[in-house]
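Shared between the two complexes below is subunit A, which has subunit B as its partner in the first and subunit C in the second.
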Partner chain A sequence: MPSGTGKTVSLLSLIVAYQQHYPEKRKLIYCSRTVPEIEKALAELRRLMDFRAKQGLKEHFLGIGLTSRRNLCVHPEVGKQRWGEEVDSGCRNLTAPWIREAAKGKAPGEVPLCDFYEALENADTTASMPSGVYTLEDLKAWGRDNGYCPYFLSRRMLAFANVIIYSYHYLLDPKVAEMVSKEMAKDCIVVFDEAHNIDNVCTESLSMDITRPILDASARSVGELARKIDDLKETNQTKLQEEYSRLVSGLRQEQENRAQEEYMANPVLPDDILREAIPGNIRRAEHFVAFLRRFIEYLKTRMRVMHVVAESPTSFLQHVKDLTYIERKPLRFCAERLSSLIKTLELTDLHNFSSLMKIASFATLVATYQKGFLLILEPFESDEATIPNPVLHLTCLDATLAIKPVFERFSSVIITSGTLSPMELYPTLLGFQPVVTESYQMTLTRTCFLPLTITRGSDQVAISSKFEVRNDLAVVRNFGNILLEYAKIVPDGLVCFFPSYLYMESIVASWNDLGMLQDLLKYKLIFIETPDAAETSLALENYRAACDNGRGAVLLSVARGKVSEGVDFDHNYGRAVILFGIPYQYTESRILKARLEYLRDNSKIRENDFLTFDAMRHGAQCVGRVLRGKTDYGLMVFADKRFSRADKRSKLPKWIQAGMTEACLNLSTDMAVAMAKKFLRTMAQPFEHSQLGVSLWDENEIQKREQQAKYDGDRKAAFGVEKREGVVTNLTNGNGPVLMEIVG
Partner chain B sequence: MATKQPDSYTSDINADKCPVCLTEKYLNPNLKLLVSPCFHKMYINRCKHKHSGDFTYQIPLTKKSHSIRSTGAKATFEDLRVEKEVQIRKRISRIFNKRLEDFRGDPEAYNKYLEMVEDTTFNLVNAVDVEETEAYIQQYTKDNKDTIDSNQRKQQSEEKHQKTRLERERREKLLRKEAYLQAEEENEKAKALQEAEILNSLASDTTKTPEDIIRENKQKQKHRRHHAGQIDIKLEPEIDIMDVEDGKSVQVDDFDPFDGLYFERDYTKVEDSYHEQFTSDVVKDQKAKAGGYLPRVAYERAISAMYFGILAPAPA
Partner chain C sequence: MAARRPPVPAEDVEINIMDDDDGNQLRGASGQGYSWEEEYKRSWDVLQEDEQGSLQGAVASIQQQLKRRRLYRDSATVQRGIIRHVYLGIDMSSAMVELDLKPSRLECTLTLAEQFINEYFDQNPLSQLGVVLTRRGVAEKITELSGNPTEHIEAIRKKDNRLPDGEPSLQNLLDLARTSLHHVPSHGSREILVLYGSLTTCDPGNILDTISQLKEDTIRVSMIGLSAEVQICRTICKETNGSYGVVLNEPHYKDLLFENVPPPPLAVAKSNSNLIRMGFPGSKVFEHVALCAW
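Up next, the complex of A and B:
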């Protein structure tokens, strides 16, 4: 269920109550998707803690959020940079240990340092923040007031915090997880919120694309490295020698750490690699540089191929060996070796080396995994293009690889979202055995949303975004008519979703030719989403302005675009969502094809099942935009013949399915409009505000319920939340992941 | 210790001209970009010079002369330093091919060895102490002749093994795909068939109500769905001596699967009885016996027919 109906707060209150009740105070790691969502979750947590304090609980409690330097930096110059990479590298230039070492001997001010960071470093390690919940803004303000760097402060406080809220890249992306999350204790409770897309996040975090510019930049970086090594040889030979002897002794330190289960396993650096030392042929810095140069040249050669190639890592490695005599083993150590070299050379301006690091992690990945990966070389952007723009995709096809360390590391993992359906598919995709799988209904005082499936136009012609018929005049006209009719009756905002940008463009052009846009403009203003983020946010802003004053507006957007995820259309900003067609993925994409094949071969998931599943979860995400709270109401219009089929419908979340009655399954435009009119009139009636006993419980009712639960014996816990609403759910003390779809 | 490389390796110095006949690239687009033995790029009018004896040309920068014949084909790599390095590595890898097994699984010794090899290569590539290095290589080759040869053989067989494995994987994939497509097709067919069935029974069957027919069919469909879809095919791994004996091929000598137990068999001799179904019923039949039917006669006729080629199809 969309946010605003208490999903986050019910989860938080449940876990915090559990956490505070038991003496071991297991830490809660709450992962959400975007920065605004993290902010929202932190605000909810604060309200919860205020409520607990009001109820007379005196707790020492620290809840913090963690995000990138870009969002947290308070340095007057560095913090002003626009791009995350620039902020990161600017920060490193001021805070790297060798720079601080260099500054020590000199007069203050000669070597620029970050005062905030210095203050934090010089502060007593026991000095900590006063307990409370800090949103990101609070953290910045507190850091500024006390002269501490908020970013490093929050990282330091991770060890002491009771609740940590951050993006789930911090756990799943191996490069980041290595730095941030590896010290988390084993008994942490991990929650993945908004996790309907988690399998894609997992595969993307282990996938990478290599392009010509990246190769060129990394070739330059290799030259730079070689120069630096020569310099260092003349000035400070011992340093290289030290590094060398460290490499000879191997990654033993790391291995010991892991043996004590201090750190979470990094999927890029699997366990067995730690048992070995760095192979002899890349131990010396100059050897390693020559090695990198050869590998980059090899990749360049591959990029010159003018036809599409798809091959497994095994055959790729074989070819590397045939051509350049690079063995698999040194390739596996590439990323590790490079970071060691960078540390030894004390390089600053690391963003200059980001391409090279990318190549190195590419080498490590490709040499580590034999299964679940595929290399695809696409020399042209599209089939029609004649100018080559080669991209080498290393695609991870197996979502289990990235999430496996999380399941292995943490005893309780909860995966939850408002639109996590069909749930049977997630355990297969992510490779785990769920302990509890539960889908919760939503309690509503009135039915505040109405799903309608329109299968044909007023002229009884079936409508569908199926490729064969999507450009038929009848279909285009009927889609246009639906929009027009709804623009007439829906007050304020109306949001439309199309399967792709391409289709949206073509259909809007046809509507223009048919004169439909002119008609539409009589009722509402039209805004359109484009692939450009700045343009889209401008359109959104003006759309909201139009909804606030005037007759409202229409927003035409794309089902997988920015608008469909994370932008809320609450209240008057969205009274109806129309989904034109089923938002299938672009099935000609080679990466998707490879993934489908892999799923078919290894997980026994049929191609069509997965495609439908994926399309429906995006569709559900789109229509879910309309309802952002219990006082909100809205229409959900599914305009495609295929939506009325059972296999599509059954893949929608339970709470939407519950609203779908037989009467609204197979409608023509005029019938749907009549039903919508009736619904909107009902909703427009003044809403009597007593939800008590229906979707809201007071103490008595909770106690009654508790007794009932005790009587039933199978319920373990039941409690109310802030007198706003009650949630009954199973609290699992057992180990293992939990899969939940929480609805209110 | 690393000497600076001349820039000529990366940028082609006024090389858009054939050094022999001085044809320019602009005038004759057929000029081929080739790599000289000292790793410089050269446009050479190959078609013209290929047949007309061996010319020599001079690299402008180094003033070295090379013959056209010795000039290699088009460069694989953009950076000719790498091209040169790979050539050297090719040679080195043939000589220094010890494996971890040769060090009795001691990774430290093996890593030391790898480093030594890398140093040698590095010296050759960067033209440091070439003579000593060459001498060392000579010495090493002489000392380790046996291991070099045996390791080379091992490597070859390993490569072969790898190739067959990749090939098998590819075939497996193809088979699986085919099976999947076939299953899908069959599903479609069955669906169409069922629809036709429903229509048929709706039209002809008067004993059941339409609701009954549809419900029945739905149940059938569920049942069928349960059965459909076996897309899990794996090829039998070909019996690989490699897997068993770790690289050492086993000599198969004369091998008798029956261990000397089998005997000569005279197929023309008629036995008293055979295991076959045609006559077994007749033999038990009293009436046939009374009528004087002997299976032996039938056997005789069958065997003679076989050996006379009576039952063989007539030549077309």
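Up next, the complex of A and C:
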């Protein structure tokens, strides 16, 4: 179901009603994908709570969102930094315990501190926010007005909030989850919204790429560390000794500095951390530095290999041992040991050490996991390249690993999205047994979207982005004609998606040679998405301006890019979406091949099934951008002959499938244009507003239904038929994840 | 039972065909297009079957709509300004060459525009009208504001003014009409009615500025789109209290256009000019001897 049809609010209202009804007031953790989506969910929650208040409910309720420092910092200088890492490190320079310790004895102003953080620290620990729902902007404003740091305030308030809305990385990525979500009670209700891509988030949170520059930077950092240690040896020998003895006694850092900020979190899942003392050979700081140096040198040698290597972590570790005599166990402790050292050395400007931290995390990951991971060394960027640019990928192939702790810890997990189809695949991918699997219908007052499948051009040549034919002149020209024809008839904004940047570049170049772009410019301005985020947001801004002032614009973008995931093209910003070809992943990618193989061997998912599933969910995401709410309307054009095949179509979300009639499955360009014209005319007619704001469900209806249900239930019980429980009851009794999709 | 029919003589068939074609049937009722083209009119597009395959629902809803429209029109007691100053803006861009309205967008538009002008002066005898065009990125005024329908119709019929070319410029069109309406007395309404076939506009500046100027001058802009809903048109009409419609087919086009014939309700009743002397020349006594030309 497209957003704007009330997915989020139905889910929230149901859970909040449940939560407030029972005395234990189970906390709701609502995870969404991007910051704008978090903002939207918070706004929905606020409306919901306002409505509840209007209905006469007096509740003590706190709903907050959490995001990174970059989005929340109100410090006049630090908050202005552009990059997340800079903000983080700037913040740490002002708030680290040893800096605050150092500032204590001195005159105020001598050591720079963050006033907002100080105010929060000095305030009573019970200092809390008045109840209500705070969007991220509200949080910032409130923090600024009251002189408290919004970031730390919201982290502190996590324990008290009834509803927490944040990104799913805070639960899935072990590096962040350890810091943020450790304290969450077991009975929290966890919701993953927009979860159609959750398996990729899971694998990415445990994957890592090492490149030459990272190795070089970390070698420099190691040098820096060694120098710092030498300094410390001369000035303050005892400190190092203290650390050493602490490590010997095996006291864990976390337990000691629980309240403090963690500077570098362990990249592996909490269950897999060894509860042991750090091994002897890296306990001494200088030994550890030497150890790191050796490991980095080893990685550098590996990078010099000129052919592709794919190996399991076990064989990698064996090789490490053979060459450098580094054992597996100290490698596992690398991340932890480094974070302890950073603390002891009281380092500031941590972003200089980010590469080294990455290497340490890599070591820990590779030494911890044997199964479900693969190391791939690619010496060249592409097959044609001759200049080596080696990348060492450590890829997690198993999405179940990262999400398993979530299922284990929380009793109610709800996975939901507008485009979660086919639903049978998700339990296998994520490794869980769904308690309830439900797909909901939606009502639309008019058919406000029209999916059209174009299988051939006006000249009857079949079109496809299949690798063999995608560069055929006929196909390229037909794709261009589709764009041109639609640019003529679609008002304002038109968005096109291509399977990859590479293909987009080549086809746009060919269109230019054919003179099609010149023709296109008569009707619309052309904007292109690039891998650069800043460039793309500039293009988007101008695209919107062109849609607003009547010039009209075409946005050429890529199915897996930023535009396809996070940007909405509501109303005039997108009257039509054209999907040129099926957005398959780059199938020659070694990482993908490894993952497919793993899925085949372990989850019994055939390669082709997974590829199609993945392509169609991205396709659905792309075309779903066009429709944002009931008053909106838009065309969805699938331009590839393969889309008309049943196996592709059946993997689209049900609400799109429902709109696909037999008549629009196998169209040529001119037929599709005629249908689109008619659709656009019809949709431009005034919308019958009498249908808005009318509730199909009222109190009487619900009571009637309840009675009916009770009657049915009694009868079934009498006949010994098992009574099926709804979602609500499952939230109370069910002990396991709930998978649901709200579709039309 | 199978009573053998006598074979139909070939001449009969021919005669029948001749009969069909005979008379004035060659031309369509409105004088446009030939009768053999008529059957390609997709009249069934207007009717949509419901789930049961019946047309009853569709017919009922059309009737309902008509009723609602009539009710809406009749029930409101509004003050309407009977002295109107309207500029009729016609898109003359190459988008008007399209054949989706019969015989073409341009022909259809110009024919309807003529009918509109006649009807307009019939129903608004005290009002004035002017015509502007936009093509090749500029706007041209083909007639000034005046109360003579033949003048406008002649201008529209002139061959030069029937050649679509280049891109339209909505901003230029509105600006030209706005400056031309600038001097009209405040007791009359100022309106611009645009028939717009294109989906883009090629503007020299920011059209949003033009909207605010139009609002300042209390000019009402109504637009009729010929192919699809364009956001900027909707915005302009909404901001200036005009109406915006997109045509479905030729009769609908006519309906939409003729909705603009009766004067629209006044936005605010102007208290200072409720009574206006007109139709009687004022007598003026000059102190000095004046030459009189007529």
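Quick note on the criterion: the second predicted complex is superposed on the first by the 675 of 744 C-alpha atoms of A that agree within 3 Å, B and C clash if a C-alpha of one lies under 4 Å from a C-alpha of the other, contacts with A are read in each partner's own complex, and residues count from 1 in each chain.
To be clear about the criterion, a contact is a pair of C-beta atoms (placed from the backbone, for glycine too) under 8 Å apart; a residue touches a chain by one contact, two chains touch by 3 or more.
Computed from a predicted structure; not experimentally measured.
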### Task
With the two complexes overlaid on their shared chain, look at subunit A and say whether subunit B and subunit C clash or fit.
fit
### Message
Per the contact definition in the header, classify A:325: touching subunit B only (first), subunit C only (second), both, or neither.
### Response
first
### Task
Check the residue A:492 against both partner chains and state whether it touches subunit B (first), subunit C (second), both, or neither.
second
### Task
State whether A:186 touches subunit B only (first), subunit C only (second), both chains, or neither.
neither
### Message
Under the stated touch criterion, which partner chain does A:571 make contact with: subunit B (first), subunit C (second), both, or neither?
### Response
second
### Task
Treating the CA centre of subunit A as the corner point, state the angle out to subunit B and subunit C, nearest 10°.
140
### Message
Just checking: does A:60 make contact with subunit B only, subunit C only, both, or neither of them? Give me first, second, both or neither.
### Response
neither
### Task
Considering only the touch criterion stated at the top, classify A:551 as touching first (subunit B), second (subunit C), both, or neither.
second
### Message
With both complexes overlaid on chain A, does A:297 touch subunit B (first), subunit C (second), both or neither?
### Response
first
### Message
Is A:280 touching anything from subunit B or subunit C once the two structures are fitted on A? First, second, both or neither.
### Response
first
### Task
Considering only C-alpha atoms, give the closest distance between subunit B and subunit C in the superposition, rounded to the nearest Å.
26
### Query
Which subunit A residues qualify as touching subunit C in the complex?
488-492, 522-524, 547-552, 571-572, 575, 677-678, 680-686
### Query
For subunit A, which residues count as touching subunit B in their complex?
219, 230, 248, 276-284, 286-287, 290, 293-294, 297-298, 300-301, 312, 314-315, 318, 323-325, 597, 600-601, 604, 606
### Query
What does subunit C use to touch subunit A in their complex?
45, 100, 167, 170, 199-203, 206-208, 225, 227-233, 235, 245-248
### Query
Taking the complex as given, what residues does subunit B use to touch subunit A?
2, 76-79, 81-82, 85-86, 89-90, 93, 107-108, 110-119, 122, 125, 162, 166, 169, 173, 176-177, 180, 229, 231-232
